[in-house]
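Shared between the two complexes below is subunit A, which pairs with subunit B and subunit C, respectively.
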Partner chain A sequence: MLLSTLVFGLVLGGSYALIAMGLSLQYGIARIMNLAYGEVMICAAFAAMLLFNVAGLSPLLSLVLLVPAGWAISWGIYQVMMRPLVARSGTTGRLEVDSILATFGLLFVVQGVLLVLFGGNFQSYAFLGQGVNVLGTQVALNRLIAFGLSVLIGGGLYLALTHSRWGLALRAVALSPGSAPLVGIEVNRVARAGFALGGALAVAGGVVLSMYQTFSATMGVIYTMKALVIVIMGGVGNLLGALIAGLLLGLIETFVSVYIDPGLTLAATYGLFLVILLWRPQGLFGGAK
Partner chain B sequence: MTGSLIALAVLALVACGPYILDAYGIGLLIGAVSYTILASAWAMFSGPTRYISLATVAFYGTGAYTVAVLSEALPWPLVLVSAAVIGGVLALLVGLSTLRLAGIYFVIFSFGLAELIRQLITWFEVSVSGTLGRYIFLELEPRHVLWQLLALAAVVVLITGWIHRSRIGLALKVIGDDETVAAHAGINLARTKLILFVLSSVLITLVGAIQSPRWVYVEPGIVFNPQVSFLTVIMALLGGATKRWGPVLGAVPLFLLFEWLSARFPDHFSILLGLLFIGVVFLLPDGVLAAIEKLRKKKEARA
Partner chain C sequence: MPDFDGLQLDGLTIRYGKHLALDRVTVTVGRGECVALLGANGAGKSSLLKAIGGLVRPEGGSVRLGGRVLSDLPAHRIVTEGVALVPEGRGIFPRLSVEENLVLGANPARARKGEADKRAQVFDLFPKLAERRRQIAGTMSGGEQQMVAIARALMSNPDFLLLDEPSLGLAPIVTKELFEALGRIRQTGLAILLVEQNVRESLKLADRGYLLEAGRIVGQGAADQLAEDPAVQHAFLGGTTAEID
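Right, the complex of A and B next:
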């Protein structure tokens, strides 16, 4: 019981970490607080389901198709919706409020479209549900694959950001958008890339999650919420922090739902958020401000 | 001062509505007055501080649910007082944990608050009290609901008038312009924000409570409808959240428009809402009133 809860929690936490990394990139680099983030994820989950049910495409293959599409669509959203807001706000700090409001509107548009297309019911599809023995407990193969993918994508991204010139530019803009142009970085282009990368991660997270979880058209908000809590917990812009905080949240949620009550998982998330706000608002791994 | 008097006169005029209108008309009046109060109460806090609260329905639903639980145990005035107290305590808890920090923490916290309360109540009803869904049987007719809402609206008019003239209003103006300056001028930032947030949340809770007899059957999924938060924000923004009469100007026409849209396009309502919302954010970032002022200034400059 304990061991299986631990394994399930880690699997869920891995997906959460992936999702939260994307949101952290969007907020950290592009300075856009994207409240429609969870909707992008749910769109990807529905797309993966459609591809699986209609075209018989394995989610592993649709991942290869959908992630670039997520990049492109987020790139477009930034260019069409966010760029004018960035230009308008200049240095006044209005961008935060404006981006929150604009993406709040986007949330309702996407949710409305999903409701019209798929209705409000919970959906899932059966992909590699057979059990595999892990440390003496039965775990469905799809969960193991999901966990492996989270580690692979999350870890790969972390390495790319810390060990490549491209990652260096992204991190420079995240650290100090004002001084990045001084060393020849085009902030607008990098911010757009950061936003697009975040969107690609949202899509990856959505597809991975859809392999083993049920989802519905109105669930995006909850995932946005969880991702936000993880980002705050790990420290804004801190990818490794988001990774650890994501795993932690997955574990806590799974333990609460197994040992206390499945209806209280969101309350557990919120309780954790409250503790972080009161105790370490700069995040678990951030330095004192 | 004259503004307040005119507003009170308008409220008195609306109070005569039930003697002329049919049931549908009274329903429309109730909706318009509730959203006017919601938008004004929202703007009371979020306008000057620019802390976007997405939690309107958390308080609104709390008010309605308090009535559903207590309406048979307590006389009506006491039910309303209990709702106000519960809403106030909830706001105090939220405010104390987030308002000392940067605005973004408050926004995030408010974003999921309604969902959290909805799930907590659902969990409590299912696993502790064993009943999901409650009935409200009260001898209150629609016109009584309307009159109570109008009384609440009068209170809102008086409170906003008082805020504009008092020290706290002055403090809020400074905070809105520049927080650092405000802090150096000796204004207690967290306390000022907290007072305003609690005040605004109590008003919102009361709207939910007063309106709840209209539902008869109440369950968490009905009273914690996120569209209420959404509508409130868009109404206040359209009119102009920093102007005293902005929310009213936004609430009444938008309520009528939404009423028509939701009847005409029930399936596509939330898409239309979202598009409208994005339109307001892009085209009228400071609201209609500010846009008109800007136009007038431009004309004067040219003349």
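Right, the complex of A and C next:
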């Protein structure tokens, strides 16, 4: 049982890491704390389900369609909803509070629409549920694919951010937005790209999670909070930290659920969150500033 | 001067609320020329550089480069036009490595083609940066960080280099090294507009100078003449308090 718990925990943690990376990018680069982040994810999960049930489209193909759509929609949200807030805020730092309020509103708008369309019940679809033998335990194929995708997308993005000029420009804006114009970087444009990229990751996370988890119209906020916990655990702006913290949270949740009580998983998440906020507010992997 | 192809500030006025920081200032920097901007703290020197860099919007007047009006462009476009600013406080990326700072310096389109040559030139100028490529810039000494800032500006392949108090807070020996490096940069034909509190060294380096006082140009001339000027000597070179404050 230990081994299967470990594998399940890693699979869940991989999805969490992917989801947290997107929130981290939106907050780190665009300075927007997007409370509607989980809703974007859940929308993607429903879209993948619809495409699977109605059009018979494999979620692997949906991913290819939905991720660019997630980019485009987030780009649009930034342009229409966030740009005025950014312009109004200037250098005052009001953007963080304003964006929290604005996206808090967006959360309920999206959630309301999802409730009308899909009702409040848990949903899922049956994609590659057959078991595969992994180190002596049976694991559903969909979970293995989900984990593979998390590693591929999360790892690929991490490499792109740390090893390309494009990624360097994104990191430069995240770390020192005031210096970026000096090297010809247009901060607004990069911020919008960062927000869109985060949205694309939310969609990727939603589709990946929908392959093996049940979901409902009101669950978005839970994922937003989990992503937030992971981002703070990993150290704000630390992508590698978010990846590791995501895996850790998946493992902890799975172990608590298997060995203690499934009802305590959320409590464990927030317990851990409180411990870190109290004793290591810079995150597990953040150095002293 | 309709055919002037250098940097031209014409009747530039900058106001912060009620405070008039620059009052109809006219300054020119020709291609390949080195110009020092002298003045006490609060005279408006930094405001002038920020206005050229697009970081402050002038209330009146204009900044032009050749036929282009730079003062209409957003800050990130200025460096693309060939004007690189090393601001007060350096403006480097302290949490990125020296190497990453340099790569970012070559971010503007005009810098991409000759990037490798520029890098070689920069490392030749500041050998220490070649040794410390992987070091996080923020962990270096003040003088080294200033080198990173200047090196990064050079990576953008500029025609004009604007320096805001590069020797501020540096030890005398480091300041000496810095001015030696600036001397070599000058010889490459790059135009420099230098704001400095170290008047003696600045006037040795520069071709010409301007005196700025309370937001107005109160004097200008060839650097060697300014160095001899009793007003300059009184205010900066022999003065008891002016150089410190």
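Note that the second predicted complex is superposed on the first by the 289 of 289 C-alpha atoms of A that agree within 3 Å, B and C clash if a C-alpha of one lies under 4 Å from a C-alpha of the other, contacts with A are read in each partner's own complex, and residues count from 1 in each chain.
Here, contacts are C-beta pairs under 8 Å (C-beta built on N, C-alpha and C of every residue); 3 or more make two chains touch, one makes a residue touch a chain.
These numbers come from a predicted model, not from an experiment.
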Combined model on subunit A where subunit B meets subunit C, clash or fit: fit
Partner chain(s) touched by A:144 [first = subunit B, second = subunit C, both, neither]: neither
First, second, both or neither for A:108, with subunit B first and subunit C second: first
Which partner, subunit B or subunit C, touches more subunit A residues: B
Touching partner for A:132 - first (subunit B), second (subunit C), both, neither: neither
Contacts of A:65 with subunit B and subunit C, given as first, second, both or neither: neither
First (subunit B), second (subunit C), both or neither touched by A:175: second
Contacts of A:116 with subunit B and subunit C, given as first, second, both or neither: first
Smallest distance from any CA atom of subunit C to any CA atom of subunit B, in Å, after fitting: 17
Subunit C-contacting residues of subunit A that also contact subunit B: none
Subunit A-facing residues of subunit C, complex: 53-55, 74-80, 84-85, 87, 91-96, 100, 103-105, 107-109, 152-153, 156
Subunit B-touching residues of subunit A, taken from the complex the two chains share: 33, 35, 81, 84-85, 88, 94, 96-98, 100-102, 104-113, 115-116, 221-222, 224-225, 228-229, 232, 261, 263-264, 266-267, 270, 273-274, 277-278, 281
Interfacial residue positions of subunit A with respect to subunit C in the complex: 165, 168-169, 171-172, 175-176, 178-187
For the subunit B and subunit A complex, residues of the former touching the latter: 50, 52, 54, 97-98, 101, 103-105, 107-109, 111-112, 115-116, 119-120, 122-123, 126-127, 226, 230, 233, 237, 267-278, 281-282, 285
